[in-house]
Amino acid sequence: MTRPLIQYFLALVLAPLLPGIINRVKAFFGGRRGVPILQLYFDLYKLVHKTPVYSRTTTWLFRAGPVIGLAAMLCVLALLPFGGRPSFLSFEGDLILLVYLLGVARLATVLAALDTGSSFEGMGASREVQFAVFAEPAFFLALAALARGGGGLSLSGIFSNLTPAAWLTASPVLTLVTASLFIVFLAENSRVPVDDPNTHLELTMIHEVMVLDHSGPDLAFIFYGAALKLWALGSLIACVILPRHYGSWLVDSGAFILAMFFIAAAVGVVESVMGRLRLLKVPYLLMTALTFSILALIFQAGR
Amino acid sequence: MLLMLIPLLSGLAAFLISDDRCRRILLLAVAGIHLALTIAALVVRPEMLPGEWFGLDSLGLLFLGVTSVLFMGASVYAVKYLALEKRDPGEDSDEGFIFNNEPEPVFTGCLLLFLAAMTAVTASRHLGILWAAVEATTLLSAPLIYFHRHKRSLEATWKYLLICSVGIAMALMGNLFLGAAGLRSGLALDLGSLLSNAMSLDQAWLKAAFLFLFVGYGTKMGLAPFHTWLPDAHSESPAVVSALLSGALLNCAFLGILRVAQVCAAAGLAGFTGDILILFGILSLMTAAFFILAQKDYKRMLAYSSIEHMGILSLGVGLGGGAVYGALLNAVSHSLTKAGLFFVSGLILAAYKTKQISEVRGLIRRVPRTAVLWMTGFFLITGTPPSGIFLGKFMILKAAVSGRHYAAAAAYLFFLTVVFAGMGRIFLDMTLGEAAALNEAEKPFKASRQMLIPAACFFACVVLLGLYMPAWLNDIISGARDLIIGGTV
Amino acid sequence: MTTLAELIIVAVILLNLSLAASGSLATCIRLAAAQGVIAALLPLLAGHGVPSGTIVFCCAVILLKGAIFPWLLTRARVKANVSRDAEPVIGYPASIILCLGAFAASSWLGTRLPLPETARVAWIVPASLSTIFTGFLLLTTRGKAITQVLGYLVIENGIYIFGLALFVEQPLMVEMAILLDVFVAVFVMGITIFHISREFDHIDTAELSQLGDWYPKQSGGEK
Amino acid sequence: MLLAVVSAGILVFSAALSLSLGRDPQKASAAGAAGAVIAAIIGLIPTVKILLYPAIETISFPCSLPTGSFTLVLDPLSAIFLLPVFILTAAAALYGLDYLKPMAGKKPLGTAWAMFNLLSAAMVLVLLSADAVPFLMGWETMAAASFALVVLEHEKPQVRKAGLIYLVAGGSGALFLLFMFSLLASPSGSVAFSSFLRPTGALASAVFICAVLGFGLKAGFIPLHIWLPEAHPAAPSHVSAVMSGVMIKMGIYGLLRVLVILGAPKEWWGWLLIVIGAVSAVAGVLFALAQHDLKRLLAWSSIENVGIITMGIGLGVLGQARSIPSLAALGYGGALLHVINHAFFKGLLFMSAGSVLHAAGTAELEALGGLLKKMPFTAFFFFFGSAAACALPPLNGFTGEFLIYLGAFNNIGPSSKAALPALIVITSLAATGALAVAAFAKAGGSVFLGEPRADSAEGPHDAGTMMKVAMAALAMLCAIIGLCSPFLIKPLAAAITPLAVSYPLLDAGVNMLYVSAGALTLIALILCVWALRSALSRGLPPVRGVTWDCGYAAPTARMQYGASAFTQPLTDFFQPLLRKARSYPAIAEYFPGTASFSTEARAVFYNHLYSPAGAQIKRLAFRYTWLQHGRLQFYILYIVIALIALLVWKL
């Protein structure tokens, strides 16, 4: 029982590191020194001490949004396996709960954004829900493709069932699943090519524009929640690309954390080598992910 | 038989009585006595002597009962109605020319004689007498239809008279053929003897006889394509008469067909009659459905719904088995419901002075009680449970399906749907919405309780039939069914 | 004797043809009357020992059809000062051809319906049926109300030819009732014709076609 | 059992009472509402008893009808449906007390209440009757009563249109049921459910098709749904709540009952149901997304939820046909659980929509906004219901869908015999969930959040006390079921026993336990974070300002993202299906003045499928009327022709 808890807190602590890594990689490609790798920690520390500013339009819903969002993310983390090892809340069918917890976070954020009555935040909210419509089935089918490999309906079951041998036997399936998951990962965390976190042209933003009005601790919660989401979805990919094969828990965890950092780096590379897609094109990107998942399922059936 | 003589004599008397009040009282009294006698007949079930020209088997008794009840309601309604007609000058609803009504003695007299004739139809045990009585109903109802003396009602009367006379002539021919069929074995047209040795009848002649009789009485009954007189007559005659026509008269004609069908069944020609009845039943359903869909005049709409139900009856009898019971139940319920609806339509006509559906709006606002009755009637006539009509329809459908007449069943359901949709549109348009403002001249019409009650009672009876079937009625109907199916006395 | 009866049948059929062909109303009325009378003679010639009741009955029929009906109809015609012409919807040749066709059809039907041997007169069925069809011809192709009454009468004649020939032995009560009905029928029709002529100053039933459900103008379904 | 009948009796009696008290609206309403509540309380006793201690109780009344018998049976399957019927009707009655008050004098409240209670009684009869005749009586009474309630505000033309469509749909559906029962009765001749022999082969399929058509018309399967988006907005809101919450479920119940009677199902039945369900769910929520009227949106979302339920039943049938116990049990169980859940949250949603309509006078999304400040309770309840409707934990909506998901996921393995349908279900459920979030974010956002878009005449007020009580009760139930779903597993298992072996469902109790655990964790976390937040922001009083509009100084309410703008990307993407009508301004001069742009969600199926068909039939009818042209000669000709034809045919 202690290990799952340790894993959990490890995740909580390490999550804000990922954005830092991403920025560093981008800076490297841009030939800059870049912000310190712990920048997000500093930001969070600063924000929780700031006085929040609220629009007169907003209501309790606006304040509840970040709270619920963060809580949902924490709950998601409690479901996720860590290095293929079960977390303390994992059960048969937790992957369904996982997806719907993401939904909780989404609804909370969107409603909070709409509560401000700002046209920009409405715009962002609209795009958020639109892309989710395409991302969610892709995500579900990717998980289904994994679940088809056996190992029951719990994420930890699936991943502990996933061995290096699987990569030898079913590499096409796993590659496709990874690709699909990676696209969903980018979309859900609103990274390039779906969204550009550090542009300042609000018209093109999705996630950033939804939180324009948040400030102080609320903003801190949102940033932290985003980091956790990054970690959560990333850890799924990590579990796929890094089947568990060492005996000891320490080695596994270490390898897993390294894999997470690697994924962050990969995101950084993607963000530096390509630009944002036109918003109209984003659904097609997500449909590509859906296609990948379906193909994976078909190949799975072929085996 | 007392049942016939009383209306006969009183009818003749009615021509002479000059005072309105006593004439109306006479009308009510006769209706009451007739009803009482019918009930008495129900209780004691007079036994029939073979070879007797008059006698009540359960089939006749069933239709007699319906007729009597209907006439009771009609006379209650008629008394007020006549008073109403006296008051306002006959100002034509659609074209607006002035006409004057038939003298009331003639009307009442014919009404009573009409009752006598119908009683004769239900009571006759001799096909010749039956025929004569049916012809008599035609002739006696003609003046009733021609109550409003203007050219449209005259046209309706003329068509009614001519078409029905032609039909009746066919029926006469059929009777003669029947005689020819029995000639070899020396049978007269006496029902009892026909039934008892039907097997000795000449098949070819019997078939021909049935065809002619079917066409003849079918014309009177309003089966498509012989129905053409029916909408005109129903729409042009006063509400009371329309109610009696489609509630009682059509049944009498149907009884004629049933009698012959009885003989055919006894002679082992049930299949032969069945085909014809089913075919024309479906045909009538189709015609009624289409005409209701395209209808502009609500009294004509009711008339076509009568055609629809006649089709259902003929279909049911044609299918045989449990359907016959359903058909008879349907006949009873339909008579009551349709009569009630015609009463209500008379009230609507009095309130709105038009028969055009498009002119009538917002009944629920202007005449709420009438509107409620109107909608109730709609739900009943379209066979919404609980109601006798629903049970009848259901039993017919069951028989059709279990008899593997799937095509017939499908057509039946389809046309019922069409009828439901068509009538639903009409009734909704009329009942709901805002009532057009009255022009200052006319005072809003207030339906008197006495004119609402008959319809209400009839509807109540039909609903009750859907919930509880009294044992005696059940006996009569099943007895009648056995008569039709078995063909034995 | 039977030969005489068959002569009468032939006469009846010829009368049908002439009814189909004749143009003037007055002639039609007379022809119909003649047909009725001849038909009424039929039973007298048919049997050997004719019961007295039959004789009375036949006399009644002859009186009615030979005298009263023509009188009624002529009176109606004069009262309503109708033009002489029968105004058929279809041409006379066509009517004659139809009439012949009707005769052919009815003789076919006659073969299908073999008469029991008790009936002594052949050709009864075809004759009566063709008369009935001729009546229908008059009913459907002639414009005037009076011609329709005539057609109805001819139908009655047809029925009578059949009925009287077969049922002379049987109790006449039924036939009496029938007779009564017919009489009243024609009587009432006469009255109605008067009313018609009063309402519309002529008795062309083409005018009697207001009631109906056909509204050609809006025959497009809109929902 | 007897108590259930008694409660139906009470309903009928109170209906008569409020009808007779029609003169005095207050008394009539009191009588009606009291009757409904008392009947519900009495009726719940046997229902809960049967659910806890499964049994089959039968009462048979003497019946003199030529066909049929008054046999009533209460078994767990009916009880599962009776539960929401009683609860929701009671809540709706309480709600109606306040809701109908303003109509007193203008509308016949006595009649309204009578019809309302008659509707409830009819539903109870439908659920209890074990014979075709009382079943159809209940069925048609239900239709008639709800029809009367739908056309309560018949001055509006669209209400009349809705009434007509509803009437016709109900009538034709009933005829299909007649046909179905006749088919079932054809071998034995009796119409008692118990006496139906199991039909086989084509007959069974025919019965099934009739059931799908007849019951689907009531349940609102696409494309048989056309009456639903018209009728639900037309009815008074508490009636819409009952209609959408429980009445359309009678269709589901009938379908299940017929499946019980039919016994071993065919495989393609399951496929058919899954396809219908998937189409109804996805298309339903898409159309909901496109609506501009709050109640219309909710009506479409009802179609979506019926689709979800149907998918569950489809999985169950498939599992039965291919003998996959886990699929069958979880499919049926999930469907039944979702039936209950949908009844509660959709009731809640319709009621809160009703109080918006009640307060602001309109349910037009583009005209509302910022109501959260004016009516906090209603707003809270609406968001609560929305979360449930989006199947978000920790509320009840999630539990039912979870079971269906579980059933599907259990059977996607390579060895499974039903992988493809399972995947179809998973995909459409996922898409539906995401779309539902979009739809309800749009609805809630544009009604309650931001600034008022158009200032309504009188300041909107929050719902009345009774309304609040009713909504609170339903919200409570949503939460309770969300947290205590494991306790529902046993009753559900009892309910599905006539259809499928129930042990897989009982096993799923463990997963449900975890789901509740997850839900509790979520709530706990939310509380912790909230506590943390308040701890952090203690001592720093928040600063108030205007909404940051990226430097734009003078924001106006009209600048907010509107409802249709919010969903425009999605609705445009699915335009081929939605076929929204657009009207663009034609810009003529260089400096155009006021321009307007409007979109309109259209009834696609009605316009493109039913309306043309109806027009065709009508045209045919008008042609046919030529026969009645009024020429006497031709009339007689008809007779002659018919006579000759008969002679030739038969002689």
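For reference, chains read A, B, C and D in written order, and residue numbers begin at 1 within each chain.
In the analysis below, contacts are C-beta pairs under 8 Å (C-beta built on N, C-alpha and C of every residue); 3 or more make two chains touch, one makes a residue touch a chain.
Note that the structure is predicted; figures quoted are calculated from it, not measured.
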Taking each chain's centre as the mean of its C-alpha atoms, which one ends up farthest from the centre of chain D? C
Could you state the distance in Å from the CA-based centre of chain A to that of chain B? 78
Please work out the Cα centroid separation of chain B and chain D, and write it as a whole number of Å. 43
I'd like the Å distance between the centres of chain C and chain D, where a centre is the mean of that chain's Cα atoms. 68
Between chain B and chain C, what is the separation of their C-alpha centroids in Å? 30
Multi-partner residues of chain D (at least 2 other chains): 614, 617-618, 620-622, 625, 627-628, 632, 636, 647, 651
Residues within chain A bordering two or more other chains: none
Note: chain C residues in touch with at least two other chains are 109, 112-113, 139, 148, 205, 208-213, 215
What are all the chain pairs that meet the touch criterion? A-D, B-C, B-D, C-D
Would you pull the chain D residues touching chain A in the complex into a rising list? 369-370, 372-373, 383, 386-387, 390-393, 398, 402, 405-406, 409-410, 412-414, 419, 423, 426-427, 430-431, 433-435, 437-438, 440-441, 444-446, 449-451, 510-511, 514-515, 517-518, 521-522, 525-526, 528-530, 533, 536-537, 540-550, 555, 557, 559-561, 565-570, 573
Would you pull the chain C residues touching chain B in the complex into a rising list? 109, 112-116, 118-119, 132, 139, 145, 148, 152, 155-156, 158-159, 162-163, 166-167, 170-171, 173-174, 177-178, 180-181, 184-185, 188-189, 192, 195-196, 199-200, 205, 208-213, 215
Using the touch rule from the top, collect the residues of chain B that touch chain C in their complex. 126, 128-129, 131-132, 135-136, 139, 142, 146, 150-152, 154-159, 161-162, 165-166, 168-169, 172-173, 176-177, 179-180, 183-184, 188-189, 202, 204-205, 208, 231-232, 235-236, 291, 294-296, 300
Spell out the part of chain D that touches chain B in their complex, as residue ranges. 64-68, 132-133, 136-137, 140-141, 144, 151, 154-155, 157, 160, 163-164, 167-168, 171-172, 174-176, 178-179, 181-183, 185-187, 189, 191, 614, 617-618, 620-622, 624-625, 627-628, 632, 635-636, 638-639, 641-643, 646-647, 650-651
Touch list for chain C against partner chain D, complex: 89, 105, 109, 112-113, 133, 136, 139-143, 148, 205-206, 208-215, 218-223
